[in-house]
Structure formats: structure tokens, C-alpha cells
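The following pair of complexes shares a single chain, chain A, combined with chain B in the former and chain C in the latter.
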Partner chain A sequence: MRIDRLWLDRFVGYEGSTRLVGVLRILCALVIWARWGQFMRPNDQMALPYIAVIVLFWFASSAMLIGLSTRLATATTAAILVFAYFFVGHRLGVDELVAHHTQAHTLFTVWLAFTPCGRSVSVDRWLAVRRATRTASPPPAEHGPLYGQRLVALQVSSMYLWTAYEKSYAGFLSGSRMEQIFMYDVFGSDYPDWPGFGPLMTLSAVLTTGIEWLLPVALWFGRWQRFTLPAAFLLHALIYHGIPVATFTVTMWAMLLAYLDADRFHAWIDRLTEVGR
Partner chain B sequence: MTSSRAAALFRLALVVLVWGHLAEALRPAHHLDELVRLGVTTALSLALPCVFLGFYTRSATLVAGLCLQALVWVWGFGAELRLGVELQSVTTRLLANAMVLLVFLPAGRSFSIDRWRRPDDPERGWGRPRWALIAQGVLAWWGLSAMAILPALPSLLLPIGVGGDPGSALPMLDGSLAPVVAAMGVTLPLLVLLPRARPWALAVATVAIGLAHVFTGLGLLGLVLLLMLAAAIPPASVHHAIDTLLSPRAPDRAST
Partner chain C sequence: MLWAWMAAPTHRVALVSALAMYILFAPVVRHVFHIPMPWFTAWFMYKGKGGGICDIRLYERTPEGLIRIDRAESLGYGEAGPMPLDEHRVMGARAAVIQAKQICLTLPTEDLRGEIRCGRYDGWHERYNTTTNLCRTPVPNRNIRRRAEASDED
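Presenting the complex of A and B:
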């Protein structure tokens, strides 16, 4: 198979079950609420257009969560986040809105708007099944184009790639930067007196950077995912327990699911439930 | 026997909320010099993924519940107020108590590794339906008892005001809204007991807590209360809803 054909079939023309993107939609909406909810509170100092945007945000993200008019709701939520991140955050200089967390949420939502994420686990699905039942026709297929899911995975790969690139310098690989992080976040003023702290920091720096160079590519191969996905999940669990990362760990966990094969995920859910037996 | 799907969804959401609320408390950096607390938080850190994934669910839930209770009572109320304020908060206590009650629900029978290993087992309770019913009732009651915060809503709405002149709007809010929300606080828990009124009572309670969440910055407490409210939804309804959503794949995939 020619490489361009492979690219078209596996990425641009990728189709499959919509259950996985349905689950991604729910996780994305919850993460957005957890992180952006604190910024989306009206007060009497705000101009009316901003209050309107905030009201629209809560309506749209709620509809996105439950899957009501899902495509429109997801696109509206994405548009509001783009506005908040680029205009209010970057242009108007509201620093709290500019972070790698908020950028990840914004792009995550944008890519989901390109998927049929309302065809599964949604009110839209519920209504469609009821319509089909009334007309005695089979329920609509949970199937659709999923290049948006691939875009989410591509975003995760690019995040790992550039964070690995940023860490690939002598100061980090020697363990010095890791020591500084642990001194700042864990130990405080006194350098730990237990032996092997320095070599351990060097080892963790090299391992972290090595994993982050490996993951952008290795996560795409289904056969390797039984090793690479747990490694990625574990990496973020360690980061969660090591340093204050707010919603970053759960965001990455959710986005990592985008590497899974959509049809296999569908079969897993079937196996986990009694449906269809 | 009740369906286990509602309890399983409750389990997943509860763990996510614990992770969200106790991120700082679970970091070993804060208690490297307290070996017992380090042991408890390590046990909790190991138990929570097991509860989330549904791996030896009941045992893991019991461990997580006991560890959370220890955090609340030993390092929350047992510590100086300054140090234990987060661990003795309403949110932490609700999460800890809910985790203990989850032990009595069949939370590992659905959406779990336990179920993956025994796919032919029915997605039903584990033989103690009365205990499960009591646990579910207590959870729902906690959610509804949160209505008690609603009378405070008008004063909490102060920051939004009207037209930059909150003084002119607040007397109306205080005068007209307070009795309404106070009445809601009294009547909603009773209405939930009536099957016909239950969906409406839950909808009103959800909207009320949602508004309080948006306007007053309840933080995770709002989401915790909504989760508790969800415990009032009959498990059979949740089971049926999931059956509908996961209906078997249509034979002609190309029809979409």
C-alpha cells in the first residue's frame, strides 16, 4: 500500500463507531467546567456582551455534556473558548486564560466539533432511537467520519514532541532541572541528605525525555498501545502526585483515549454490558 | 435485584471528583515527615485507580473510604484549623461518606475490570438490596439537603446586581426570592419520594444547584451535590436509558 493511500485511509478517511468520540465529548465538557468554570462567572463590573458570552457558554457546554443538538453545542463551546483564549487571554492580556491547559482544552473542543460526537451516548441518540422505534425501523448506526478524533490524537503527539524537544538540553538531561523542580515543590530549602538523590533525578530526567520522544510516534501503533498507553497514563499519574498541575492530568488522560481504535472501543462497551445478548 | 449500572456510573464520577478535590492533599510533598499520613495517602492513591477501573472494586472502595475518613477525622478535625481546613470541609466529608456508602452498592458489577473478567454475570445487585437501597437513599438525601443553602442564594447574588446598582435590585431579590428558595428546600426532598413528582423535583433541584454553582463559585461542591442528587434516580431507569443508548448496531452501517 502506498504511503499516501495509508495516510488517506487511516487519517483523513478514518471512519468507525462514534461511541469513543461520544465519551470524549462528555469528558471534554467536564474538564472545561472544572477549569473554565471559575472564569465564567458574571459580575456587575462586566459589560453586557461578556455576560451574554458567559450565559451562552453555560448553555452550550451543558448541551454539549448531555449531547443535545450536539454538533451546534460543541461548535458554539469551541468558538467561545477560542474567543476567550485568543482574544480575552492573549489580546486583552488576561493571564489566567493563557496556559497550556486552556490551550489544550480549546483545541480539544475545536477538534471534537469536527466529529459526529452526538451520535452516541447523547440525548440526540436517545431521540433518534425513539424516532426509529416509533417508525419500526432499525436504530441509526453509531458510525461516522472520525478524522476529528485523529486530530485530537495528533494534538497529543505534538504536545509530547515539543515538550520532549524543550527538555533536550544538558541542563535538563543532567537532572539539574529536575532537582530544582523537586526542591521547589517537595523538599523546600534543605537539599535531601539521602544518597542517590542526584543520580535518581538524572535517571528520571532521561527516562521522562526518552518516553516523551517515543510517545508521539509509538502511540499511533495499535500493537504497541498495550505498553505505550499505560506508560503515558502512569507518567501523568506521577506528575499529578509530584507537582501541582490542576486539570492537566485528567485532560491528558481523556485526550489519550483518542488513540484507541473506535470500533474496538465499541466492542469493549458491548462486552461490558448485556446489550445485544 | 437492582441494576448495578447506576452505582457504577456513580463510582466513576465519585473518583473523578475525589481526584479533583484532593489533588493537593494527595501530594506526598506535603507530609514527607509524617509517615502514617504518607502511608494513608499512598494507600488512597493506590486504591482510587482500582475503584475507578473497577478492579477488586468492593475491597478497593472500602480501603479508599477508610483512608478518606482518616484524612477527614485525623488530619482534618484533628489538626489545627489552619492546617486541616480543606480536609474538614463539607466537600471532603461528603466525598468521604459517599465512598463508604459505595461499599454497600453493587458498583463493581458494571463498567469495570471485575465485570470484564466475568462478562456473563448479570449486571445486578449482590444480594443485599435493602442495604443498597438505604445507601442510595442516604446519598440522595445528602444531595437534597443541600437545598438548605438555597435561602442564602439572594445574598450570594449580590455581586451581579442590576445595571451596576445592586442596592436597587437586592430588596426585590431578598423580598421575593428568599421565601421561594426556602420553600424549595423544604418541599423538594418530600417531592422526590413521590414517583410522579420525582423527575420535576430533581430537575428543579439540578437547576437551582447549577445556578448557585455558576453565580457563587461553589467550586466542586456544586458538582458533588449534583452527583448526590443523581443517586435519587431509580437504577432501573438508568439501566433502561443505557440499554436505549447502546442499542445493537444497525446492520447497514452505510445508511448513515
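Presenting the complex of A and C:
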């Protein structure tokens, strides 16, 4: 297939079941609460507009989580995160808000706002089904344009691509920077005296960088996903247990689901829920 | 509404293509050209984490030769667990020499040697070897540039 047709049909024009983006929406809202909840607390030194933004954040993200007026709620949450990350974090210099975690959450929410993520697993869906039952009409299809899901997946590819670019230099690939990171977090200034620590750090540096160069492309191929998705999940699990990364691992796990085929995910849920009825 | 506007195929193609270009290529500004513009996202991911930490191996010089010193034990903690964080992980050559001088007093000894290397972005840099008596060497001046490099950028 030509590249322009691939772009128009499989990316811009991609349509399918909205169940997967519904699940992504719930995961995104929970991750946002886990990381941003600590910042979104009013105090007596705060100006009134900031308190208003915080109150709006809790309303919007709660509605996003349960899927009530979902599109508006997700867009509002995204707008607040953009304001908090770029303006309060970068422009006003509130360093706690500036981290790759918070940047990832912000962009994840923004791209989700472009999806019909309230058409499945949401209060909106429940209300629509109830309405349809009352009027004896078929419930609305769990189907819609999913270019927003593709944007989330592309965001993950971009993150892997640029972090791989940033690691591709002798100081990292030799394992020295890995040694420093592990010593900083685990061993302190005493170099571990167990044999193999140095080679293990070199191996992990090379493997991490190699996987991060591979994943941005390989994750897009459905047939390879049985290998690439577990590899990506495992990579983030190891990072989580090796160094304190807070919500980053679970954020990436959630975003990685965006590579799945929406219709196959829908069918898989059907198969799971039909068994034992 | 934006979503209604997006329903038109040409609008959708234009906007989605622009967003995809932003996602993929905005990081060029900060990663390649090193221009600090926050609207252009970047993914450094712990680039500076752990930079500045020193790998310290200390030895007491005796007539029998060099005898390896356990840092935690010689500072009176017994093992590494109860050590305060700033003593457990020593950041920078200045802090390493200050700690070595403290150990000179607590051991006590007049001749403490060390292999001390400190981490930077490009790898390890040797700061002291066993030719230097750390009990007598002067404490290095504060190096503001190196302290800045040691900061966590995540």
C-alpha cells in the first residue's frame, strides 16, 4: 500500500470500536489523579483564579473518569493540564510541575480529547443505552473516528525515538551513566563489589537503547506486537523496580495500549464477557 | 466546535498531519538545536539523573600497605543502611574530600588514600588516586558549573 494511502486510511481515517479509547480514558484519569492530585490542592496563599482552576480540574477529571459529558470533560481536563504544565510549570517556574511524567500526562489527555472516548464504558454510554431501551430503538454503535488513538500511539513512538537519540553516545552505551544512576538510587558512593555489575550495566545500557530505537517502528506492526508489546511492558517494569520513576511506568503501560487494534480489542472483551453467561 | 470542523475530511487531514508533525519533530528544537523552548516537547528521561555522584574507595596507608576502609563503618554507622543520604551518596569531589577528612578524624589516621571518580554526562572522571593523602589535601572550591551538571533533570 502506498504511504499516502496508508496515512489517510490507517491513521487519519482510522475508525473502529471506541471501547479501547474508553479504557484509555479511565486509565488516563486515574494516572492524572495519582500524579497531579498532590499539586491540585488549594491553600490560603493561592489567588482566587487558581483555586477556580483547581476546582474545575477536580470536576472535569472526575467527569472524565466516569465518562459523563465525556468529550467536554476530557477537553477541559486537557486544557487545564496544558495551562498547568506549560504556563504554571514552565513560564512561572513551578519546577514540581515540570517533568517528563507531567508532560506525558498532558499530551496523553490532549490526544484523548480528539477521540470519542465517552461512547464506551461510560455514564454517557449507560444513559444512551437506557434511552434506547425506553424508545425501543437500537443503542448507538460503539464506533467512531480514532485518529486520536493513533496520535497517542505516535506520541509513544516519539518518546522512544527521542530518548533513544539522547542515549546514543559513548558515556551512556559504555554503561557508565547506568552505573551512576543505580549508584545514585541504590548503592550510594560504594561501587558494588559483586562481580558482573559493570558488564551488567553495559549490557542494560545497550539493550535499553537498542529496544528504544526498535520500538517506535516495530510497535506499529500488528503481527510483531506479540513480541514488541511484552518487551515494552517488561522494559518499563524493570525501570520501575530499578529506579524511582513514580507514575511513569504505569503511564507508559496505559499509552502502549493505544497500539492495539480497536476492533480486535472490542471482540476480545465480547469473548471474555460472553463466557459463563 | 473543533470536532464538527474536524468532520470535514480535508480539515481532518490537515489538522491530524500537523499534530503528527508536532509530535514527531517538535523535539528537534531542544534535542538537536538545544534551544530551550518549552512548547517544543523533549524527552530527556533522566538525562542528568545521578550525574555528580562519586565512586569512593578508601584505604588507610599502613607500614603493611594499603588497607581497604569501609566508609559506613569508619563514620560510625556500622553499615550503609542507617547512613544519612548525603553521606551515603557523595555528590562531587568537594564533598568526597570533606568526608575523607572526617574519616581521618574518626578512624583516626593521618594517611588516608582513595580512588575517587565522579560521574558526569560523558562518563566517570578520576578526581583522586592513591598517590594523594586525603587527610592533607586541600578541600576543592565549590564548582558552580559542576553542581549544575549534577542536578536531576527528569
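Everything that follows uses one rule, which is that the second predicted complex is superposed on the first by the 274 of 277 C-alpha atoms of A that agree within 3 Å, B and C clash if a C-alpha of one lies under 4 Å from a C-alpha of the other, contacts with A are read in each partner's own complex, and residues count from 1 in each chain.
Keep this in mind: contacts are C-beta pairs under 8 Å (C-beta built on N, C-alpha and C of every residue); 3 or more make two chains touch, one makes a residue touch a chain.
All of these numbers come straight from a predicted model, not from anything done at the bench.
When both complexes are superposed on chain A, chain B and chain C fit side by side without a clash. By the touch criterion defined above, A:Ser158 reaches chain C but does not reach chain B. Looking at the shared chain after the overlay, A:Ser168 reaches neither chain B nor chain C. In the superposed model, A:His90 makes contact with chain C only, not with chain B.
With both structures placed on the common chain, the touch criterion links A:Gln38 to chain B but leaves chain C unconnected.
Once chain A of one complex is fitted onto chain A of the other, the partner contacts of A:Val250 are limited to chain B, with no touch recorded for chain C. Contacts of A:Ile269 after superposition: chain B is touched, whereas chain C is not reached. Using the contact criterion defined above for the overlaid structures, shared-chain residue A:Ser120 touches chain B, although it does not reach chain C.
Superposition on the common chain places the nearest Cα atoms of chain B and chain C 8 Å from each other.
Comparing the two complexes, residues 185, 243 of chain A contact chain B in one case and chain C in the other. Residues of chain C that touch chain A in their complex: 3, 6, 9, 12-13, 16-17, 19-20, 23-24, 27, 31, 38-39, 41-47, 49-51, 53-57, 71-72, 80, 83, 88-90, 96, 119-124, 154. Residues of chain A touching chain C in their complex: 7-8, 11-13, 71, 86, 89-91, 98-101, 103, 107, 111, 114, 145, 147, 150-151, 154-155, 157-159, 161-163, 165-166, 169-171, 174, 176-177, 179-185, 188-191, 243.
Across the interface of their complex, chain A is touched by residues 5, 16, 19-20, 23-24, 26-29, 32, 45, 49, 110-112, 115-116, 119, 122-123, 159-161, 164, 166, 210, 213-215, 217, 219-220, 223, 241-253, 255-256 of chain B. Interface residues of chain A facing chain B in the complex, by the touch rule stated above, are 17, 19, 30, 33-34, 37-38, 40-44, 58, 62, 119-122, 125-126, 129-130, 138-144, 185-187, 237, 240-247, 250, 266, 269-276.
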